[in-house]
Every structure is written in C-alpha cells, then in structure tokens.
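For reference, chains read A, B, C and D in written order, and residue numbers begin at 1 within each chain.
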C-alpha cells in the first residue's frame, strides 16, 4: 500500500545497521570491562606483605605482636608467617645460589590476605609504628585499585553507551517513520478516502519499518561480531592488559544475538506510535 | 523558497549534534591514547637488568665478557655496572638494616638502557648462555610492550572512528538532503517552471543544510567538551593508568573546535552534490 | 442516507456556509452549482465526513458524524464513492490497482471482471497498467470515477467530474452515473457545466441546488 | 517565437504525436482542442521545453531545444507563462508570494502594485495571504493564471484554464488573455470548452487547432 521510498529504507536499514554494529562493540567493551574489573578485583584480594626487621632477640616478640595487631584489624582475612624456604626462593634471584640464607638474620615476612573491601593501610601503619617498630607494610598490590575503579567506570560507560544507542535507534526509526508518513500524506489521504481503517494503514508502515530495522540490525550485528572475531592479534599480545580485555569470550558471543530482535521490537513500537499519532492528527 | 520541513531539520541537526559529540570523544580518546603510547614508549626505553651470579674468582671475567656481548648487541644504547651502594639500596628492604652486604658474594648487576626498538631478548639470552653461564637477563619492563602496542592500537581505532564519524555524517547529511529534495519535488518543479536556474534552487537547499549542520555540530561539540570537562574524577584516581588517559589536556582542547566548521563544509559539499544530482535527473 | 441539518461551516473567522439543510435520499439525483469559491467542495467534504460541521448536525447513515469513531467513519466511507476535484491516487500503483482500492482497503477480493469492464467503459482499458502520474487530466478524472463507483456504494459524490473532459466523454460518464442511479444509488454532482445538467434532466428527475451567498437554494426553472 | 518542425513524440512504444508543425508567432492566438488523452498537454510541454521531442526540431526563441543548456532553458522559460492543468504551487508560501514567483526566481524586485491589481482582477484579493492548499479548485486555476501572466511573458500557454470555473469567471479570464494578446503576447489555450472558443472568436482572430489521431489539424469552420 505504501511506496517503497528508497530514502526511508536506506535511512532505517542503515541506522539499524550502524547502531547494531556500535551496540555489539559497546557490549563487547562492557563485557570485557566487567571481566577485567572482576579479575583485578580478585588480584586485589591477594596478599600484602608485612616485613619485620628486628634484632634476633626481639624478633619473636615483635612477630607475635604484629600478628595480634593484624588479626585484630578489620578487612584482613588471614595472615601467615612465611617459611624460610619460601623466603629463600623469593630472594634467590638476587643472590648467588650459594648464598647462606640460613645463616643470615633475615627479616621475618608475614603474608596478609585481605577480605572484602580490604584494610585501611594508613591506620594499620600507625598502629604498627607504635607497637612493632621494626615492621614495614608493603601493600604493593594496592596500585591496582584505581584500575579496578577505572574498569568499573568503563563498564558503566559501556552500559550507558548501549542504552544511548538503543534510545538513538528508537528515535531515528521513529523519525524515519514520521518522515515516511509525512511524505506519504497523499497515500494516507487516499486510503482514508476509500474507507481504510487506521490499523490497516498503520500496519503497512509498521511491517515495513520492522523488517527494515531487523534486516539492518542483523547485518550490523553480523558485521560487528565478524570484526570482533577478526581481532585476535590484540588478544594474544595483550590479553591480560586493560585493552586486551575488550572482546567476547565463550558464552558472551550469545549477547549480541539479542540486538536484532531488540531493534525490531524498538522499530515496531516506534513506528506504530508515530503512525497512530500522524493518523489521528491528519483527521 | 523551500519549506522548513521539521523532519529533515531535526534529522540533520540531530545527526550533526550526535556525530560531533561522538567525534569529540573519539578525538579525546585518540589524543589520550597517543599520550599514553608516548609515555609507555618512554618507559620501555628504561633499563633492563643483567644479573651475573658467579664464583668470586670468575666474576670479573664473566662481567667483562657480558659487557662485551651487550655492547655488541644492536638495540642497546648503554650499559653500566651497578655500584655496590646502589645494589645495597635495592636490597635493603628485603634484609635487615644490619645485613653485611659488603661481606656477601652478591651477584653483579648491569643496567641496560635500550635504544630505539630495543634489543632482541631471545637472541641475547642464547648468546649469554653460551659465553656467560652465570648471567640472568631480567627485562622486567618488557611487560609494558604489549600495552604500548595496545595504546597504539587504541590510537588507530580512535583515528578510524573519527574518519568513520566524518563519513557517516557526510552520508547522513547527503541522505537528508536527497530526502528533502525528493520531498520537495513539487517545489523544484514549480521553480523550474517559473524559470529558476539550478544554482538558485540548489542554493536554497545548501544554505539550509549547512546552517543546520553547523548549528548541530556546534551544540554537539559544546556538549561533548562539557562532558569531558565534567570527568575529573577518573583523572584523579587513575590518571596514569590505561583508562585515565582518555581526556583532553591543555592545547588538546583546541582540536574539537575544528569539528563544527568541518561538519559545515561536509554538509555543504554533500548537499550541493545531492542537489545537482537530483536537478539533473528531474530534468 | 446522508442528511445535513442546519449546518454551518466556518474557515477561521469566515462563515462560508450557513443554514444548510440537505437530504441525500436513496435513489436521489442532485446537481450542485455555484460560482467558484462558493463552497461546493466544502459541502461535499461535509457530506462524506472529512470535515466536521462548525454548527448543526451531519448524519451519515443515521449516525451523527460528531459521535462516530475513526473506524466507524472509515466503514461509512465504504458506502460513499467520492470523486475529488483534484483526483489523488497511489502513484506507485497502476491504474487498475488504484481503481480496485476500495476492495483492497476493505480486505475484500477484487472482482477482476467488473474491474476490466468498468475500465473499458471509462476508456482506460489501454491504461490499466499505467501509473497515475502519466495519465492525462481527463484520464485521471475517469480513473477517479471508476474508483468511486466500483464497489457499488450507496452514494456517489462527484466534484466537477467532467472539468477536463470533452463533451462526448462527459455524456458517457453522465450516462454511467444515471445508470447507477436507476439501480438505486444516490448521486450528487458538483459542476459548472450547465449543458451537462440540461442533458441529465432529460434522462432523470434531478434536483439542482445552488450555493449563493453561503446558503443552499434550489436553482431557478431555467435549469 | 516558438516553432515546432515535423515533431513526433513517443511514450515508450506508443507514438502519441507525429508530423506536428506549429508556429506560435508574436501576437498570435491559438486554441487547441481534441478528445481527452489526445496529447494537448503533451504538445504544450513540448512548447515550453519540459519534454524533448522524440523527433523533429523545437525552436524556443530561435534556439533548438536540444542544444540548450539548463540555464538557457531556465532563461527561456521566463519568457513563457504556463498554466498547468494540475496547478502546482509552493504550498508553504501565500498566494501572493506564489504569484510573484517569476520575479523572485529571476532575482527581480516584485512590483507590489501590479501584483495587487492582478490578484483583484482574477478575484483573489481576499485570498492573497491564503496558502494554496486551502484554495478552491477554481481559485487555484486563477492563481496559476495570475502567476503565468504577471511577468508579461512573450507567450502564454494555458492548459484547460477554465475547467473549474463558472461561465462568468471564464469570460473574465478570457478577456484578460485577449487584452494581453492585443498588447502583443502570443496566447495558446488548450480547452474542451467550445463556448469559450466561440466567445473568443468574437473578440480576436484566433486559430483553432485540433489533435486527432496523433496529428495536428485545423478545426472545421463550425468553430
């Protein structure tokens, strides 16, 4: 009933295609950021170390005092004094293999496993200074905290992008539909004149736009997934770094398949609303 | 001469706005990635370390042999044997302060400063195994290499995005113009009938579309720059990490100002081409 | 079937029609004349419910236009064949498909034989597949007429149906409408062509109405 | 000023016009008749260069249509006032602005007094600010006529200019065209209205042409 206007067709299909492509990337980014944030969060829970250097006589006292303090500190899951062998293994690279580690007065090392949000390093240091003067707290894994925050931030951005893309797609399709309806004012007038009901006229538009959006989104999703699949190089080199995290793994590949049906539903809703609005107005 | 169709107006201005907004972000991403790649590239040039553990008698020989090999290796700018004091400072945290470092047979450490692309660690290790059996090459700064690659990759992606956005904008504006021209077929027919020349008709369309694109792009650029300016939190926490690098610094803020004029030029060119094409075809 | 009671129609501040009473009964034949701009087209648009009267009541098949929903109005229009002064078509469909639209829009099958016969009668057999924009002015009017009558509506409203037709073709169209009228269809023709009215009066008992100064009057006996 | 030499016009496989020779000279007055679909509109479109003849030569003010660039054609059109059968306007502008278009499109100032006088003559003084879609059929035709003649073109081509007009208004329009013709404008009117032709022949020496079976002939002496 409605002429196949090349323009609205290109616009709708093209928009759906481009938006689906972008949505797939945003999804990949979001899922990657999510994975990254999880991984980094996990490494955060790894051990910090407390090193106690004290004269041989005081070592045992200071160690047990330090252990008491650590156990009383909130945010610490467990503490463990390192065995001499472990310590030797840690230091070996820095000395010749024939270093008599056993005979040296080495500092005692305590591994700390954090829990939940982790402990407050500033408060802990202050307490240690007072009671265990020889203790040095090395929370070296702390540097990852801002990166976890950043990954979470990135995940939020990705979710926002997906939402924005969905909204933009809906707006564009609705716009194209209104366009098409306006351009087809004569068609609508003729159909009303010969006694066509609103639903009959609206259907001609919704069907067309839904199909276009579906086709465009399917193509865009396919292209987006293809582009992601063709990005293995980055995965290999930097799979574990911030940027290598962008990409889809395993079951993640199912998520983009939601994009085309979502685009179709969006198009159907937007077009139907636009059609009935125009029909009511045109009288 | 041409009716102010609400639709093409919204489409053109909206597209220009959205695209300018995205372009600003892509620019920021690109400039940030560029900065990051530079910074990481610089840290790559930092020292790797060669550690020689050998019996006291062979130490001097192995050290000089290692120095010879290193000096002959391409990609190494300079080498330097660490002073005992430096070595002690490096090790101090791991031992008590009263460790008699002077009296221990410590491995000799050689600092390597790389040049250009850096050296080939695999080849170097193979040569060292043969001639300096006690040498261990620790190119710990190597782990940043994939991140530099990733940053460069990100920069490429950002440049591609900007190009894509420009192309998409041009396509959309051309499409909107063709749309508008098709919708105004009657206007064009009437104007031709009363003796209007092509340039006169085309001008009515180009002026309108150029102004719309300029206005939309200016607004989008403003919003994009505003959004970037409102993102200081990330800067503070993770300013030095991969993700903190996204953003504009100092003179970078001038780049986005190129977006609106570029959008206007794009719109003008695209509309003019579309107008003359349609006019020639309609006869 | 269509009844206007004390109808008035305003465009903005301007009262174009007032005190209009009109009853288009089954089997009636009306002509509507009046100078250009008098309101003939406006009156027709009131009759098929495209306009809502500013005052008074318009009854379409017994229902008040004001109380009708959009679907009820659409259904009522299937009973009314309208030939617009500026004949509008679906330009992307052929003439035959356009003429068949009343069936398509109602979801009914198209009677192919009737369609072919009707197109032959209005002289468009050769143009059945042509697109409406390539038709000549008179061909468009004939296509609009065919579309208006194909579904055998209860009422035919024709706005200047012979404005672009030569005299022979005008008579042919008239005889088609007279034939339909004899079969019970009510016909109302707005026209400037006094010769056409005279010809019709020789064939059927037609009432001639005239819009003058905003009111509907019976035309003098000279017609 | 406009000359057709052995012109033929095809639409697809169909040869609509053949062997057409026509000279629209300065100060001439032509009528063009023929049954609906004969090719009157087609002939007019050839005369102002919208169509390019399938065969033969069309000379517009001495230049061959085939050799004219788009700008030259645009300039030639400023010398020709055309009244289309389906009058088209810029629907977003008022009637006065539409009538003034030939000046606007040529980049000339609009003569406000002439415009007002002309609108009064064609009976559109009250509609000067109205948008074309709100005009009645006859009002549109009169607006198209006003637009065609306002820039005092060398030739006026009118396609069925009185199809939607009552007889008094038709005579009024005719007398405007006769007046222009007396001042030197060439006029060609395609029409079905034989009464109009008779009226005109009483005022000027008009040639009546008739398209029959694809060829252009002089009409019989009954006209």
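To be clear about the criterion, contacts are C-beta pairs under 8 Å (C-beta built on N, C-alpha and C of every residue); 3 or more make two chains touch, one makes a residue touch a chain.
None of the values given here were measured: they were computed from a predicted structure.
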| item | value |
| --- | --- |
| Farthest chain relative to chain D (centres taken as mean CA coordinates) | A |
| Centre-to-centre distance between chain D and chain A (centres being mean Cα positions), rounded to whole Å | 70 |
| Between chain C and chain A, distance of the C-alpha-averaged centres to the nearest whole Å | 65 |
| Euclidean distance of C-alpha centroids - chain C vs chain D, Å | 29 |
| Sites on chain A at which at least two other chains make contact | none |
| Pairwise touch network: line, ring, star, complete, or other | ring |
| Listing of all chain pairs that touch each other, if any do | A-B, A-C, B-D, C-D |
| Touching residues (chain side chain B, partner chain A) in the complex | 5, 7-8, 10-11, 14, 18, 51, 53-55, 91, 93-99, 104-107, 136, 138, 146-147, 149-151, 153-154, 168, 171, 175, 178-179, 182-183, 234, 237-238, 241-244 |
| Chain C residues touching chain A - in the complex, by the definition given at the top | 50, 70-71, 74-78, 82, 84, 88-92, 101-102, 104-107, 147 |
| Interface residues, chain D side, partner chain C - complex | 11, 33-37, 40-41, 85-86, 123, 134, 136-139, 142, 159-160, 163-169, 192, 194 |
| Chain D-facing residues of chain B, complex | 1, 3-4, 186-187, 189-198, 200, 279-280, 283 |
